[in-house]
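Okay, so chain A shows up in both of these, paired with chain B first and chain C after.
Our next item is the complex of A and B:
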């Protein structure tokens, strides 16, 4: 915490604050001899207290006039949690239910289920630093890695907006990796890919992803929301010749992600309950002490200083009002 | 200057001075109140031969009348002029002192005694030193000098020098002070004046303690040192101050009585009747 003032020239008045230590603003009445008067402990305490109050009041006044404030800065904090980049699929199929239909009745679309469960996830992990990215036809950075959970909740709330056309997983991953790269050095961020399908990844994008994975040691999770009827990540080819990225993009994406050389785990969820289980699993895996810096804005301390001065002056005023002067005859 | 009304006083001792005055003196003399008859041979003063007593004398001796001599003394006012004497509470202390000294001077003049003023703070103040004098109207001068005097300084060492300025014969010394000094200093002053008859006049002003408020913050400034003290007055503290002041006056009474004379407590203004009564009581 660094304190500073706006107008240092006013601080030249600071020595004036010591004046009450020398003399209090009370009119003195003569007394023949105080040596015969016993010292009174209460009076001595009141005297010292009033002097102290006056010095403090004047000093606060000078500081307030000088514009005392705490400089903007940042504090380092430590919390338990993880740095996570949520990469969300915004393709049109996410708006369907797990059965692959338009949601109707009490059915829930995949994006709505993901939103609900991710919100619960955010609720439980207040110290996580989370970034949000989405992808569809093109990757969309939504929110950089941050610990402002209000913004995060808003970003997650937005994922059940009606989706767009295609699914460009490769460039979405590249974006997530680059966001994870910008996170706190020294920590291993996690990238959680939430999607209900995959696509063929361009070879150039594959190379770029390998480079990015080598540069940034992230933990990669794929939460695959499997639609009923889809063959899924772990599906085996049923006919020879079917084992191509075009025919089985999920299987091949899974295999490609496994070759990136980073910790990788895939979860396949066929319903909201399974999604919840998967998120629980990710949450338990990604809990480490993390250190992060939080920016602290400039804080104006003139107000508290004025308040202190006012309180001090009020006390002095009360003391002045309590002052009594003994009657004294005038010398001719 | 107000007209200083003289007040009578008498002594409990017989002054031995040569100068004729109003006080019954020691020894016998040729005039005054009749005392006894002595034979002419013992006191050869034929002017005082008492014919009737001589005729009545069975031995045929010639008898001479002897009279009690009346002598004059010196009344000295020794005034403490330290800073605390500049105090003005209910009354201006120096005005009271001036009035008292003028009264003493007028009384001494009326009684045929000499008056002497010695003002002292840390030393004897030469501007307030008046050697023993018979002069008429000296009371006006005494009053003016004291009224214009500025009590200052913190010392009372001058009181110890008073004895050196007094005549060698026994005087009536009126020691005027508030006696706000250490007891041992008072004892030293009194012992220095062993030769003289000392009447201490203890000045006390009820503004010192009784007039203080019961509640409130009071800042008092010591008249001698200039030191200030903030006091939170409360009835208990005020009672304690009054009690201590009374205890001090009691201690002063005992001290002065042990040296032969009760002090005169001059509270607030000068009460002539009380002073006259005190002086007549001796």
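Our next item is the complex of A and C:
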């Protein structure tokens, strides 16, 4: 717990709080000498007590005026969750429906479905630390790994805007791996690739991905939004000679990701319901004990300080009212 | 009649302090309205933004670095309750990275996202700024935000003789500002290979210096080798300086005027902040101001009078009463 004040300059008044140690708020009696009065413990205690009460009241008043508060901070807690990097496809085909055409009527585009389900995913996992990256023709870091879910929701909200041309999944993965590298040491981060297609991965990028996978052991998930008519991840070649990365990029990307030597699972979804099932499966798999920091807001302590001062002044006032007026000698 | 007996003065001071403290404990507040801004920050990440005529902390830096540094400070300075979203511009489109979010609570991710802006996010080399501003305006209008668009105004390829394309957005429908980034002296543009390594500068023969789209300019008939059908732009390739770049202020002013946006040159964060506050739409948010210090200060004064001033006054009076009258010394 750290205490702080808003306007430290007010604390310059603090020494004045010692004044009551020297003076009492009672009228001086015209009495020749105190030595005439027998020492009395109760009187001494009342004297010291009233001085102390006044010092405390003044000191808390000065602190309250300076704006005493407990600093906002965070406490570390343990919960269940994961560190995840979402790698989202923002190519133009994501704007089509699962049937592969412009969404019309009550149809939902693939990106809108992904957005809706990812928002649900975020809502259910408030303690996850998540980073967002997008890829299309070029990989784009969107948000660094963070636990600010408001910002994450804003990034997921942005994915159903019109996309760009291509699907450079290789460089996108390289970016996601490098973002996962910055995650908390010891936590095994997960990379969730959401895309509706694949592309041939450049051999240099393949090597870079193998290196990255060896360096950062991430858990990799590929949520493949399959459009009607496309062969998909698990499609078998129909004719000999068709089994090339150019003709069947999804199948070959799947095979390549399987050779990275990291835990990898692919989900093929042909509709919003299947996407939901896949996201649930990922959510169940990626739940581990995780340490997260919960923010503690600033707490105003001026109120209690004012109350202390008021209580002190109330005591002084009672003492004052109990004061007996010294008899005065008639003025000459 | 003498002034009230001292006992009463002390009592009244204590009563005054007590009442003032009770007033403070009641927790009086006043409602005031503070300005907050909803901004969509769009940064030009095209090749010309790599030209090194920007400054960051007094050191030379690329325009993109200067834009990033300015935006990070700007977001940090926005009043709490403001929201900021981020987008990038290249080719002919502005691409939204995330929608506006509150800047104080989410400062770390916003700051991280701005810091991660890089020319390698660009998906194409073109820089059709007029179209980019147009799509950014559409985004900002949809999000209900004011636009802050940072660019150097360098159109690549150059605009046709007929000028920039017409804007879809209605002028003035979205408030905001175009911010010119870069120096006013032409400098070369660094060139990179496909692995991101710098390989020299863009040369004059690498870029078109004139748009061959649309009708040729009016003065084309005077060019050497001009022929109305076979060489309507003249037969000699146009020599130009499109491989060099400076901030094209006149073009940006023209765009700003067409779209109803403001224009400012990025000279420093203070100037940028002032320009944004001038042009962006203000969303007033109600805030409560704590008024407790007012009665509490009164209580403090009463107590200090009680413990400081009254005893001093009394001592002076007593010393005046008791001290033997001194004869003035000669």
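Rule of thumb we're sticking to: the second predicted complex is superposed on the first by the 214 of 332 C-alpha atoms of A that agree within 3 Å, B and C clash if a C-alpha of one lies under 4 Å from a C-alpha of the other, contacts with A are read in each partner's own complex, and residues count from 1 in each chain.
In this text, contacts are C-beta pairs under 8 Å (C-beta built on N, C-alpha and C of every residue); 3 or more make two chains touch, one makes a residue touch a chain.
Here the structure is a predicted model, which means the values were calculated and not measured.
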Which partner does A:35 contact after superposing on A: first (chain B), second (chain C), both, neither?
first
Let me test your reading of the model: by the given contact rule, A:323 touches which partner, first (chain B), second (chain C), both or neither?
both
Output check: A:58 vs chain B and chain C. Expected answer is one of first, second, both, neither. What do you get?
second
Between chain B (first) and chain C (second), which, if any, makes contact with A:23: first, second, both or neither?
both
Under the stated touch criterion, which partner chain does A:231 make contact with: chain B (first), chain C (second), both, or neither?
neither
Max touched-residue count on chain A (chain B vs chain C) belongs to chain C
In the overlaid three-chain picture, which partner chain does A:43 touch, first (chain B) or second (chain C), both, or neither?
first
First (chain B), second (chain C), both or neither: which does A:142 touch?
second
Doubly contacted residues of chain A, that is, touched by chain B and again by chain C:
23, 26-28, 323, 325
Note which residues of chain A are touching chain B in the complex, please.
23-24, 26-38, 40, 42-43, 46-47, 50, 319, 322-332
Of all residues in chain B, which touch chain A in the complex?
84-92, 94-95, 147, 178, 180, 205, 207-208, 211-213, 215-225, 227-233, 237, 240-241, 244-245, 248
Would you mind writing out the residues of chain C in touch with chain A in their complex?
5-7, 10-11, 13-15, 17-18, 21-22, 24-25, 27, 85, 88, 93, 95-102, 105-106, 108-110, 112-113, 116, 118, 120-124, 139, 195, 290, 292-293, 296-297, 299-300, 303-304, 306-308, 311, 314, 318
Which of the residues in chain A end up touching chain C in this complex?
13, 16, 19-20, 23, 25-28, 54, 57-58, 61-62, 64-65, 90, 132, 134, 136-144, 146, 148, 150-152, 154-155, 157-158, 161, 164-166, 204, 302-303, 306-307, 309-310, 313-314, 316-317, 320-321, 323, 325
